[in-house]
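Quick one: the structure is below, questions incoming.
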Amino acid sequence: MAALTRRAALATTTSALAAPWILPRSALGQQKPARIRLGISTFLSGPASVFGVPGRNAADLLIAQLNARGGIAGVPVEALVIDEAPGVNFLLGECRRLAQNENVDVMLASISSGSCLAVAPLAEELKLPNIMWDCGTQRIFEEGSWRWSVRTQANAVPEIVAPLLYLLKIRPEVQTVAVVNQDYAWGRDSWAIWKSAMEAIKPGIKVVAELFPKFGATDFSTEITRLQALRPDVVFSTSWGGELDTFVRQAAERRLFERSLFVLPLAESSLERVGKTLPEGVIVGARGDHWFLHPTAKDTERLKGFVTEYRKRFGLYPIYPTFHMAQALFALEAAYGKAIAANGGAWPSREQLMDTLRGLEFDHLTGRMKIREDGQGLEPMLIGLSKHVPEYPFPVLDRMVLFPPELVMNPMGTKGLEWVKTLSMETVAKTPAPIPYKA
Amino acid sequence: MGLLLLLATLDGLAYAAQLFMVAVGLTLVFGVLKILNVAHGSLFAIGAYLASTLVGLAGAPELSLLALALAAMATGAVMGPLIERGLLARIYEKEHVLQLLVTFALFMILEDVQKLVWGVQPLFEDAPVRLLGQVEVGGIFYTAYQLLLLPGVAAVALVALTWFLRRTLLGRTIVAVTHDREAATAIGIDVRRVHLVTFTIGAGLAALGGALAAPTTSLVPGIGVQMIVLSFAVVATAGLGQIEGAAVTALLIGLARSLAVYFAPELEVVIPYLLMVAVLLVRPAGLFGRTVLQRV
Amino acid sequence: MRGTLTVGAGVVLLLLLALFQPWLRFVSTIALSTGLAVLGIMLLLRAGQVSFGHALYVAAGAYTVAFLRPYLGEALLLLLAGAAVATGLGLLVGLFVTRYRDIFFGMLNLAFSMVAWSLLEKLYSLTRGTDGIRVVRPSLLGLGLDGPAWDWALFLLALVAALLAGGLVARYLGSPAGSALGAIKTRETRLEFAGISARRVLLQAYLASAALAGVGGAITALATLHVTPLLAYWTHSGELVFVAILGGTGHVLGPFLGAVVFELVRVHAAAAFPDAWQMILGFVLLVIILSAARGLAGLLDDLARRLGGRG
């Protein structure tokens, strides 16, 4: 066969490829741009879209609000959203397209830690400011030094240390622990942090079962049977999304909550869905300092307005990824503002923007937070106990503790997994006083 | 130890029942249409999502079991003929690879359809499970749904299907087409109709599997993907088109898996595949498969 | 002669794309490496066999690069190592799976790839699970390149690999061994009567396909500089078969044409409909199968004939 002419091949191929990318690249300059373009990568398909879609929704809402109040220094903001579900190959191609073809000014990359680890080097290569808005692995800034990336939220270390301190504060007599984590990087990493920290603070607590059902599991019957037989004092699980919902329901249906105290550092994002199936007295975390009824911010106009508007548009209460998205956008707004001011009103270069992001303190929906010099964000950790109240059809948080970053986050230049070995009962004693739930 | 084995068996049984419900439809369709339907997992997912919607609509918990059955039947009755007449009927003459890919394309399309219809938030309607309450075995609580209803329905499905295929005229016609399509056509069997009926039953079984799973688990995007690969393993291990074989294999995989959770958790995920490789090493056409004579 | 012209036209076109659209350099590199893996799938399809597990060998090539990178600094050596490991694995698996045909062949390949995928996720301390492994950029031919220079080098490397592989496969298909491969699809028993071991012929093709996928995987790893277990997942294997059919199995140009179009459709669908790009790919596949079973290469061929007939 092989009877193809050059003309035919060219004609067909070019028409098949006729596309918007044959456009001139606009010149990069320091004059005030007509708009700020953001590239956002998030999960729009697959199981992690439970977080990805609320994150995207929050971005839509917040960017609309931002533009309504005049954009950033008078410049309107627009976002291009890409799906990170098909994997790293695709994501990196998409990031290049956004940077080199769509002339995106800032990238807001990723929920999955794998994606963040892959995008950080690319941001260096492209000299593209990158804000990691939701990925959790502590490895990013511990194992690499990135000129072009910052993270506007905490990481896995405080997210796990805080609930552990909380547990040991309220139940110092714990003897046995079992873990049921999803079998992938986060499930393994979070357990490693918990285990090292626990052995340092209270050696002698026995781990009676380490269960890692496969990622995406739909049935935890066997695990629950084992846990019922073993009767551990504490069941720890950093599962999330549909799997956490399933685990909670199946455990509740089989009365596992009556036998063990559950520590669920990501349960805030499942509360509305599982409803009061989740009993009272479960330790719940939110991957940071945010909740729609945040104890110190719930009566502020900013949070109230956001929650109302978000509910009106999307029919659900905002969960942690929406707050993480908000943190990234507020950080960006603050950084541009500060850099412009420092520049005497002139538009900042990308380098200036990055320099300003490091060390930046900014206000977000539930408080004020800081980005460290290495690019890592510092935010408090909100942990509480689930409680049933008549005003909501799902559990709320009671006896809330706001762990300050100094207590639960390893200092710059240290490795989290090593640092947690320095924790002790004294650290537990420094736990701030709990704040009760108030309607 | 004895108790542990018993517990593992009970868990394995419930899992096997769910696996069988999905695999049996796949193997039935393959037996007759000779098409391995990748979109079978999507039918499972649609059945599950629809069940969850209907259970929500039903309101009263007493009606929820009915809602599950209704969801399965509706999915089968609508999606089955739609896919068979609209798509598969056009490709019976094509190569196997192309047939497989048509269903793969369908799977890709249906994945997004689910997302567009039901969104990405996990759905969970466990009214049927709560309705049936709990059962205590050796100090361990099980749900009656998981311990009794799931294996019960699977057993009924197995018996009913074998009875249908062996004892009814339509069933025997289907079997005849499975054995020799040309001869069946020659004696005046309407193969078109057999295809339609079989595929609809298969789709209904996939949807029933999904509907039964719906009250026990959260429905998230991608739930069909999980199921399809696993049921491929069941079907290939059992031998293509083998209904009782699928039951035995599902049981083997279910038990092996729950034993693995107790004694070798690292192996849990790979067990179905290792089992498949081991079986095919010894019996190249599967546990119950027959080797077909090659035509020269 | 006209075949050479077509290939030349394709190369020129890709070069132009890469020249004027920097981000397409990367996408084209990925497309070419996918094309290499699909070339292997095409060999198997010639024998009437479809593997739903060749992502296994892509991942083998990619992970070999990631694991060896700390000890090896030269991209070409890493590439060869990736191909070698994939071929070795192909031999182990191939000795077993080539005893089977049709659905069983497909399912066994699927099973092996699923085992590999599970292991990549499970053996967390070794593979870092879903976080994946970062690959530090190696040198190429002893040159320490980075930025656009590296992109170009890798793109050209992929192009050369594709041309070489395409040429070799075309020659193989034209040889008696290639004809024997085609005979497995149509009349395997006769092949055996003629004293040719069908299994052996298939095994050769299988090894070649594993090697090609390994090279493709290695180039992918060098381009993305980050490998994750998703490379071995069954939907990725499905994509490879998808691209093979999209491009058409009649000509060695098919896989590359298919891969380039696949990546571009995906990129544009994802940009236009971020929530439903998968559905669009599905429809493209359906249309191709139902209306142009010989794939894009077949379409081009028909078009060329028609134009040739008139002119």
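Each chain carries a letter (A, B and C) given by its place in the written order, and its residues are counted from 1.
Note that in this section a residue touches a chain if its C-beta (ideal position, glycine included) is under 8 Å from a C-beta of that chain, and two chains touch if they have at least 3 such contacts.
Predicted model, so just to flag it, every value in this text is computed and none were measured.
Engineer: Compute the centre of every chain as the mean of its C-alpha atoms, then state which one is farthest from the centre of chain C.
Structural biologist: If we average the C-alpha coordinates per chain, A ends up farthest from chain C.
Engineer: Which interface, named by its two chains, has the most contact pairs?
Structural biologist: Chain pair with the maximum contact count: A-C.
Engineer: Distance-wise, how many Å sit between the C-alpha centres of chain A and chain B, to the nearest whole number?
Structural biologist: The mean C-alpha positions of chain A and chain B differ by 36 Å.
Engineer: Between chain B and chain C, what distance separates the C-alpha centroids? Give it in angstrom.
Structural biologist: 32
Engineer: On chain C, where are the residues touching two or more other chains?
Structural biologist: In chain C, the residues touching two or more other chains are 118, 122, 275, 278.
Engineer: Using the touch definition from the top, which residues of chain B touch two or more other chains?
Structural biologist: 111-112, 115, 269
Engineer: Going by the touch rule set out above, which residues of chain A reach two or more other chains?
Structural biologist: 44-45, 183, 214
Engineer: Across the complex, what residues on chain B touch chain A?
Structural biologist: My answer: residues 3-4, 7-8, 10-12, 14-15, 18, 111-112, 115, 119-122, 124, 126, 129-130, 134, 139-143, 146, 213, 216-223, 226, 257-258, 261-262, 265, 268-269.
Engineer: For the complex, give me every residue of chain A touching chain C.
Structural biologist: 1-10, 12-14, 16-17, 19, 21-22, 44-45, 80-83, 86-90, 92-94, 96-97, 99-101, 112-114, 117-118, 121, 125, 137, 139, 183-186, 188, 214-215
Engineer: What does chain A use to touch chain B in their complex?
Structural biologist: 44-47, 49-50, 52-53, 183, 210-214, 216, 218-219, 221-223, 225-226, 228-229, 241-243, 245-246, 249-250, 253-256, 273-274, 277, 316
Engineer: Which stretch or stretches of chain C touch chain B in the complex?
Structural biologist: Contact set of chain C toward chain B: 45, 48, 50, 52, 96, 99-100, 102-104, 106-108, 110-112, 114-115, 118-119, 122, 187-190, 234-235, 238, 241-242, 245, 275-276, 278-279, 281-283, 285-286, 289-290, 293.
Engineer: If we count contacts the way the header does, which residues on chain C are in touch with chain A in the complex?
Structural biologist: Of all residues in chain C, those touching chain A are 2-3, 5-6, 8-10, 13, 17, 20-24, 26-27, 30, 118, 121-122, 124, 128-132, 134, 146-147, 220, 223-228, 230-231, 236, 250-251, 253, 257, 261, 263-264, 266-268, 270-271, 274-275, 277-278, 299-301, 303-305, 307-308.
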